[in-house]
Amino acid sequence: MPWFEFIPLNIVIGIILFWIALGVAGLIAPSNLRYVTHALLPVGAVAGVVLAAAAFAAMTQDAAVRVLPLGLPDLPFHLRLDALSAFFLAMLGLASAGVSVFYSGYLRAGEDNSPGLTCLQFHLFLASMAAIFVADDGYLFMVAWETMALSSYFLVTSNHRDAVTRSAGFLYLLIAHVGAIGILLCFGVLQGGGGDYTFATMRLVEPASQAWATVAYLLALFGFGAKAGLLPLHVWLPEAHPAAPSPVSALMSGVMLKTAIYGLLRVTFDLLNAQVWWWGVLTLALGLVTALFGVLFAAVQTDMKRLLAYSSIENIGIVLIGIGLAVTFRAFDMHALAALALVAALYHCINHAFFKCLLFLVTGSVLHATNERSLGRLGGLIHSMPVVAWLALIGTLAIAGLPPLNGFVSEWLLLQAFLLTPGLPNSYLNMLVPVAAAALALTFALSGYVMVKFYGVVFLGQPREEKLKAAHDAGGFERVGLLWLAVGCVLLGVLPVPIILQLGTVTTQLVGASIGDSVVASGWLFITPIAPERASYSPLIFLLVIAAVVLLVFLLVRGFYHGRVRRGAAWDCGFPLQTARMQDTAEGFGQPIKQIFELFFRIERHVPTPFDRAPYYQSRTEDRLWYWLYLPVSRAAERLSGWIGVLQRGRIHIYLIYSFATLILLLAFAR
Amino acid sequence: MIEAILSQLFQTLLAVLLAPLMLGWINNCRAWLQNKSAPGLLQPYRTLRKLFHKDAVLAHNASSLFRMAPYIIFGCMVLAASIVPVVETNLPFAYAADAIALVGVFALARVFMALAAMDIGTAFGSLGARREMLVAFLAEPALLMVLFTPALISQSTSLNTMVATLGQREFALFPSLAYAAVAFVMVLLAENARIPIDNPATHLELTMIHEAMILEYSARHLALMEWAAAIKLMIYCAIGIALFMPWGIVAAGSWPLLPVATLVLAAKLLVAGGGLAVLETVSAKMRIFRAPEFLGMAFLLGVLGMLTHFLLER
Amino acid sequence: MEIFFVLGIPLAGGLTLALVGNRNYAAELNSLFSLATFLAALKLAVRVMDEGPLLVLDELFFVDPFNVFLVTLTAFVSFTTTLFSRPYMRNEQAKGKLSARMMQLYHSMFQAFGFTMLLALLTNNIGILWVAMEAATLTTVLLVSLYRTPASIEAAWKYFILCGVGIAQALFGTILVYFAAERVLGSGGTALLWTHLYGVKDQLEPTVLGLAFVFLLVGYGTKVGLVPLHNWLPDAHAEGPTPISAVLSGLLLNVALYAVVRSKALVDGALGTPLAGNLMMGFGLLSVVVAAFFLSRQKDVKRLFAYSSIEHMGLTTFAFGMGGPVATFAAMLHMTVHSLTKSAIFFAVGHAAQKTGTQVIADIRGLVITNPTIGWGLLLGSLAILGMPPFGVFASEFLILTTAMREHAWATPFLLIALGVAFAAIFGKAQGMVFGDTTAQRLPHSPALVPVFVHLALVLMLGLYIPPYLAAWYRQAAQLLG
Amino acid sequence: MSLPFSAQLINLMASLLLLIAFAMLSQRRILSLIYLFAWQGAVLSANTLIVAWTTGQPHLYYSALITFALKVVALPWLLHRLIIRLNIKWDVETLINIPTTMLIGIGLVIFSFNLALPISQWAETITRSTLGIAIASVLLSFLMMITRRKAVPQVIGFLAMENGLFFAATSTTYGMPMVVELGIALDVLVGTFIFGIFFFQIRETFDSLDIRNLEKLKED
């Protein structure tokens, strides 16, 4: 093979190297802001688009392989670009393009690190994620994986003067590293032996036994779950995302979490030569718990970025539900259904990439305009920053899973997959399904609640602080970035069929079936997963009808009556003064959820008594798992190290006794 | 093709135009039951007309979202009206959205209403919005569960197929459907701001939900809101009818049968309206935090319906 | 021929510096000698790689891929250490911590120490090996107590006694080996020569060699710092001058481990049972776990990284214990990257401690603000030593863990826990030192940290690309060890 | 049984060695410790001489000479001067009281004999039976180091251990090659010098040679 062919894989490699080069270029003039924001970042965005294009091209071709003369001597870097990688690469490219452009408008001088350093870390982050998607051996995968963790860690802690940020970064990297070791051990089980860690070999190797296969799967679930924020390994997520600069949180939440999904899919459906139905059930259950947990905690947050972080946990849970269904279906050889569930999961991945990036970027703009992250001090921004507000509305509706936007498509597909489970030959599963479906439906409804809270409190109503009136709208670059993602949300929502067709190649690769043909059965306008009479949904018609009606009604009203408007004071219900502080707050929105789902939360309230000199109300809502799992573990470690410390009491006699005893024991043992 | 479009238009317009009448009928029934003098069947129409003529008064703080919301909500309801097989199945639009999408439409409308309510930034608007969402996040999954039971029976989520299978089948008892029906009624009451969840006739802000949200609306905006609400109620009744007493719904384009179908529908609606009025008369409004329990019950019944389906009917 | 330069130069250096070590050009002279040694070592390595193992001076010395790579590593690290120690020790002297005579002692002993280690590596005679190892202790013990502070004297005393006693056991082991070999090879010199011993290893009496290995393991294991024989190590590292901590961690432990591994290869041949391997795995695992838990309670920077050395030596020992081409390869790679990284860290730590005037972790804050090069050096070094890719330490840990998972799955939970705890401990503390706000002013001149970044660059390279030359080297060595 | 006379002599030496080891273990006075150490050296070199004479290996004569020079003359003299200079003649009571130490010692002797048994049977030097004693004396001096509180006795214990090793070397293998012997001797000499230096350092820093001062560095 000639050194360079013009095939997608080579282009992808080129982009990876190019991103690294951009990062290094940032170090040439580390403190020159314009150089970074007006030259490097936009170019990086273009590279992202190219990457996406190459990936789309690759989805239809069959897998390409390439070996680089790097890595371990017996294990040079193997790269492979197949449909699955291509799909995730496309997601990365498209999302990162928007984020990069936004970042070039967002980056300020004097904040955090020097622009050049940030540029380096940012592009390393992008490159490592791309590398993960094309890695075809355990070593390269792990290298890229940890590089991603490391670069994102540096981005998270870019404001390291703040102690909270530091501890967040620490927690993040710690959990990431432990998870990585889990993945590494998983590869240890899957390997071909004799230092052969190529995925090609892993595909061929039969697991030693059912037990070993299960070990491998559980290790993978643990390792990738730690990165994805799967319960109970989610604690780093709501800490790290708010700490990071918004574009970084956007990428971490929108794309980085998906690398974990990618890895799980890769191991489960591609590398691991075993299928056990209860793996799927386990994943499904974990996914459900995660989703519900995430959305409930999102509902009670008072910090907008934390809220979005928890909502990310929820969405990851939803994706895992899809994967769990797929695994179960495949274990029962129901490939078409597995394909459907998988499509739902993948579609939700890319949806989440778009609307979560969009919303995190929005929080970035709001943050820059107001220096406020706390929902309790925002409000009424739709007046001062209309562009951001309207683009945010799209993201909000999308993430709330409302038709005709993209969030709804994946939810719809997932519910369809659920409604088809009665086909399963296992009656217990059939019993579980309604409950699972119910929980899922509840999650969707709650996410609507959360998003109304988010948007309403941030953008609507009256400004809760005086300074908010002075908030400026986003700048040019930022607008472009937001617009790019918003358009993505709309297109994904309105024209899902082409993408689902594309996904066909992925599902064929993973579960040997695709719903492509049945989808196109009744034209590109309708999604019909199985058959038109079973279920069909056409977002485009949906949108058109509503639009037409709205237009018609508008014209009729204007025509027959009039469009006269007078402005007046709001109806005060007889209360003489109504201040902005009297609006319903984020706290207030959370309160009913707290009341109803009390057992999920660990709530510390201080309610003033009538006799308080200085009465105040305070309510802290915390994660029970932190107290049930993490603190005990860390305490146990401390206690253990305390005991071990006794070994070293500084007395040389004792030390001599150690050596002596060791010698005697070994001698006795060796005879 | 033309026929299909025509029949679609016919049903949609029927639903949209008859909705206020249905409201009027319910109000009348309730008035009679409560020994009040009835306002007359056409009162809702008069109200709408009056409202359309007035000048709109907007709060100083109202954004364009506030002004758009009524149109969008109305649009959603019209779409819903054209999806649900009120008198006819196999309507062209019906393929654009199935049962799940229908729930989606209602959710869309609700979210916009809540957002609009929060837009002004008065205490009561946002309070109403919160309560509405509180009711919603329980009612919505409950409705989904209700719809899933027939969906599982008919192996399909498209309303057409559901109604068709349920309608054409020889008379058989579906215990699961019974659960679903009860749950559905509860959801209907909650979603349409009826007693015991909300009181459409109240004028005490603190107890309002729906009224609190549209407190700031006036004139044509208010009219559209009210009308949309009426359509929603109508559609809900229609869904209930279509699912639980689906006899007499005809396939699209069969014009000769259409009048019959319409009459049947009218009869059913009368019954349903009466029933609603009775329910609202005999029961009292609950405290807001009893609502979750009420809807949780509905949710539970929905799930039970599905379970019983798996247990007994397969 | 090169061999004489490799051994002769440091010896000569030691003697010369013993005379002129107090002059102010002594530091440069020191670096010069080390550089020369390093070049000679390179030359030697090239020759060995081309011509294969060679024996010189009627078999007194022999060079094969295994020891020549350690020789080169040793020569290289001691060279970079001299570069680091030049400004460092000067500052110490300027602070009045050290007198001119001390500097004299330091310089000559540094060279002598280098000589002993090279001798230990190059000699073919297990007796000489022992002598050299003991001499290595003797040369460093006075350096550990260089500052004459109570703590440093105590540390040196412990170092001396514990290592002395340990080494004594090693001598017994050596005697037993000789005793067993004599039967086969007849009395006289040859019975102590690795080359001959390997030739007849399967004829040696198993019971004797079993005992011999126990003594050798306990003996040299003490110097490797295997738990529970490790107690001298943290004290000596913490209290001695930083360049010494660097070479102790980076080199001496390697050399001791080299002795253990050689003996293992011999004993395996004789016993035919995995006794030696199991013992090493056991000790290695114990060291990793215990050290990890010690890490989390450290308050002194140098102590912290001393324990991390114990942990990594444990990991390497474990890998050697597992045996097999992959694990052995990994173990040798780990030796290399560990000594490079750890010495780099000690350089950075040394400067940091010198700048802030304290070794207490809690008192060091915000290095990246006051002193970016030191800060980043320390942070990257810590991340590297924690096995974060793309640094080389990860490469070896990857191979070790995956192999362990495949062949000794029972050990992996311990490794998982230990590595997790170690990460939490070291990284938490390093982050605290490097990041954060600080009241300290930005220091006028940040030291030239060439050695630190050279080492880190090498480690980084080893993570992404191992030159075929080096790889072949490792492979041959791995073959040698069976 | 009838062993050749020389072998009997060697065994006698061996038992003497062991006896001295026990004596050192039980000895509290530093001065007499040094004398005992010197005696041990003497026995050692005598033993080496006997072995040399019986086996007629020339280099053993040298090593006997070295041993005598080093362990009977040089080191004791050095230590003697040291303790005179530092004027410490008494060791305070040991860590574990003497009888217990003795019991442990006896246990060690039994252990090491068992350890040596298989090997001795396999070996065919005339001195094979002494290996056990060699191991025993090494372990005993180890025990002595453990039980002593002052620096000097610890060092003496260390040197005694060296003697045990040397004994093992000569008795089991007719001695190591000359190079090694010399190297070892050199190490021991230098080591003792360094110990001397340390005594002064410790003394001037803590103005006492009590090791209890050297217990500051620890995990707390």
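Letters are used for the chains, namely A, B, C and D, taken in the order the chains are written, and counting of residues starts over at 1 for each.
The rule is short, and it goes like this: a contact is a pair of C-beta atoms (placed from the backbone, for glycine too) under 8 Å apart; a residue touches a chain by one contact, two chains touch by 3 or more.
Please read all numbers here as calculations on a predicted model, not as lab measurements.
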| item | value |
| --- | --- |
| Set of chains adjacent to subunit C and to subunit D | A |
| Chains most often in contact, by C-beta pairs | A-B |
| Distance between the centres, which are taken as Cα means, of subunit D and subunit A, whole angstrom | 70 |
| Centroid distance [mean C-alpha coordinates] between subunit B and subunit A, Å | 36 |
| Centre-to-centre distance between subunit C and subunit A (centres being mean Cα positions), rounded to whole Å | 44 |
| Length of the line joining the C-alpha centres of subunit B and subunit D, rounded to whole Å | 101 |
| In subunit C, residues with contacts to at least two other chains | 157-158, 161, 165, 207, 211, 234, 294, 297 |
| Sequence positions of subunit A contacting 2 or more other chains | 645, 647-648, 652, 656, 663, 667, 671 |
| Pairs of chains satisfying the touch condition | A-B, A-C, A-D, C-D |
| For the subunit A and subunit D complex, residues of the former touching the latter | 645-653, 656-657, 660, 663-664, 667-668, 671 |
| Complex contacts: residues of subunit B adjacent to subunit A | 52-53, 55-63, 65, 71-72, 74-76, 78-79, 82, 93, 95-98, 100-101, 104-105, 107-108, 110-111, 114-115, 118-124, 126-127, 129-130, 133-134, 136-138, 140-141, 144-145, 148, 151-152, 155-158, 160-161, 205, 215-216, 220, 224, 289, 292, 299, 302-303, 306-307, 310, 314 |
| Subunit D partner contacts - residues on subunit C that touch it in the complex | 125, 127-128, 130-131, 134-135, 138, 141-142, 145, 148-151, 153-158, 160-161, 164-165, 168, 171-172, 175-176, 178-179, 182, 187-189, 192, 205, 207-208, 211, 234-235, 238-239, 294, 297 |
| Footprint of subunit C on subunit A - complex, ascending | 69-73, 138-139, 142-143, 145-147, 150, 157, 160-161, 163, 166, 169-170, 173-174, 177-178, 181-182, 184-185, 187-189, 191, 193-195, 197, 637-638, 640-642, 644-645, 647-648, 652, 655-656, 658-659, 662-663, 666-667, 670-671 |
| Subunit C residues touching subunit A - in the complex, by the definition given at the top | 157-158, 161-162, 165-166, 169, 207, 210-211, 213-215, 217-218, 222, 228-229, 231-232, 234, 275, 279, 290, 293-294, 296-297, 325-326, 329, 366, 368, 383, 386, 388-390, 394-395, 398-399, 401-406, 412, 416, 419-421, 423-424, 427-428, 431-432, 435-437, 463-466, 468, 471, 474-475 |
